[in-house]
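Input: a single structure, listed below in structure tokens.
Chain IDs A, B, C and D follow the sequence of writing; residue 1 opens each chain.
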Amino acid sequence: MPYEFKLTRRVEFAETDMAGIVHFANFFRMMEATEHAFFRSLGFTIHGHESGTTTGWPRVSATCDYRAPLKFEEEVEIHLLVAEVRSRSIRYQFIFRKADDGTEVARGQLAAVCATVDKITGKLAPVHIPEAVRAMITPAPRELLGTHAPARSPSSASASTPGA
Amino acid sequence: MPYEFKLTRRVEFAETDMAGIVHFANFFRMMEATEHAFFRSLGFTIHGHESGTTTGWPRVSATCDYRAPLKFEEEVEIHLLVAEVRSRSIRYQFIFRKADDGTEVARGQLAAVCATVDKITGKLAPVHIPEAVRAMITPAPRELLGTHAPARSPSSASASTPGA
Amino acid sequence: MPYEFKLTRRVEFAETDMAGIVHFANFFRMMEATEHAFFRSLGFTIHGHESGTTTGWPRVSATCDYRAPLKFEEEVEIHLLVAEVRSRSIRYQFIFRKADDGTEVARGQLAAVCATVDKITGKLAPVHIPEAVRAMITPAPRELLGTHAPARSPSSASASTPGA
Amino acid sequence: MPYEFKLTRRVEFAETDMAGIVHFANFFRMMEATEHAFFRSLGFTIHGHESGTTTGWPRVSATCDYRAPLKFEEEVEIHLLVAEVRSRSIRYQFIFRKADDGTEVARGQLAAVCATVDKITGKLAPVHIPEAVRAMITPAPRELLGTHAPARSPSSASASTPGA
């Protein structure tokens, strides 16, 4: 069962800032793009409509540690690893490396909860991960996951997101 | 000596995503905008040029925990607290609350290192925080800071950013 | 009846690019922010829900001519003028000036059509502008509107970029 | 000599807004990404440093006409055509089409001037297009270029938005 995915992107001009490097907030957009490509690779979409219900994956927490700057037109490989799968949430770990020499650029985590989204009111209600999705996603072997503690695990976050 | 700052913003349309709420990566842009406004309030700029040298504050780590969705045209108050001041880095804590009813929306942290920036090569070199800045910024009293552990303190990060 | 509005903003770090100036696409976000603030000033919202229907203002066209770079932390005043009001669409003209010395930075236009938005399918259907809105918005006097054609051609633009 | 280029992209979540479609300002980022990929395909970079001088292509004007909404995960083909080459500037035309059925989504233009960029002061100074670049880029045949005027006025746009 799949527990990892790699996406390679080239840095775009609009992702840089006046310091001449990729703006730090854009690493979170790159994590998300990788998560979504991972879902597509399994035949799913991260934001689906079925029988009038919209299901999405709002974030519980996001974290990134920066090791080296990333510059315009550099290619970066984003390596997603599934760190934890719970009944209503998934936690991912990401490692960013320069495609040409493998330099580690950054390392991050996302924890997302499966939820129905009311597009009019913006209300989110956590739900069980669909069986079809759960059957396809599994945590990566422990030895592949980083040894540093998670910034915030969905378990501690669950206190503020009842039922997550 | 100042250890906190509050910035109030109204959510813009371009900050929302198709889930009808503020995209999670934009919380990091809001943290940064608050950090920069804090610096301006002290008479400094976060990205200055002096005698041919550009000094900036590249990020060592960034983290955010999401509690409630934030929607278009809602006003949000971002409360910055200085969590730690070291010789070459500062760590901030942020709490996002809806301006109308005080609902806590999110809570985050940024750790930034003072560095010279070579705009041609993109190279960053950590330096001591200028005395004028250090003299103005102090950590908030412990009882004001959140009790949850930092996602990643600059001390652990310093291992990967030599001299930070 | 109102036909103009002014919004002042300070350039944020995340709006700049590696050329050290505001990325050109962000001028369109600033135009939109001004349009929305204009609507709020009249007691309306640009993206409303009523009796299960969502009404929005999808864009028909957008254009911007750039005269001078805009930099980090500079204050810019965005001056909106209503250029044309039709049964289902409105056209706005915008002039960007530096707040400190009045230097013209850019000049743009947006044409938007009033439409119902199906948030599930993404379908847009043009509708008549609500009477309450139409009653409040009127075109600016002709002498206030720019004399240049609705959207500058690069050939006319070359006049302001000597030698281009 | 090359006068066209095609780039295919998949719409990312962070490019959408609460109307459920790609935010209109992001079409300008897509035009730019295509322009830069065109340059790379010729062996150039759009933002280069040589002997201490940074050369870039600041925009003189940008325009886009929107025909149909573009949604999350849809693939869009962006077709760049060189519309005009002058001594210090280039004008491009872009057509956006859905990759699956060829539906035209939008059509735009960018005019950019070749300039040296002072990264400290943000000053831009137009210069002649380097000979190596000029030798490689040529205007597309007239019959390939859109017959509509360089930038659509909203009045002509109304033809494609029945009843606007």
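Quick notes
The working rule: contacts are C-beta pairs under 8 Å (C-beta built on N, C-alpha and C of every residue); 3 or more make two chains touch, one makes a residue touch a chain.
Keep in mind the model is a prediction, meaning the values are calculated, not measured.
When the contact pairs of B-D are matched by residue number across A-C, A-D or A-B, over half of them reappear in A-C.
Between the Cα centres of chain A and chain C there is a gap of 34 Å.
Between chain B and chain C, the centres computed from C-alpha atoms are 30 Å apart.
Computed centre separation for the pair chain C/chain D is 20 angstrom, with centres defined by C-alpha atoms. Taken residue by residue, chain B touches two or more other chains at 13-14, 18-21, 25, 29, 32, 47, 54, 72, 119-120, whereas all remaining positions touch fewer.
Taken as a graph of touching chains, this assembly is complete, with every chain in contact with every other. Per the touch definition, chain C reaches chain A in the complex via residues 13-14, 16-21, 23, 25, 49, 52, 54, 72, 119-120. The part of chain D that touches chain C in the complex is made up of residues 18-21, 24-26, 28-29, 32, 47, 54, 56, 58-66, 69, 71, 84, 86-89, 91, 109, 111, 113, 117, 119-120, 122-124, 126, 149-155, 157-158, 161-164. Chain C makes touch with chain B in their complex at residues 12-14, 20, 29, 32-33, 36, 40, 45-47, 72-73, 119.
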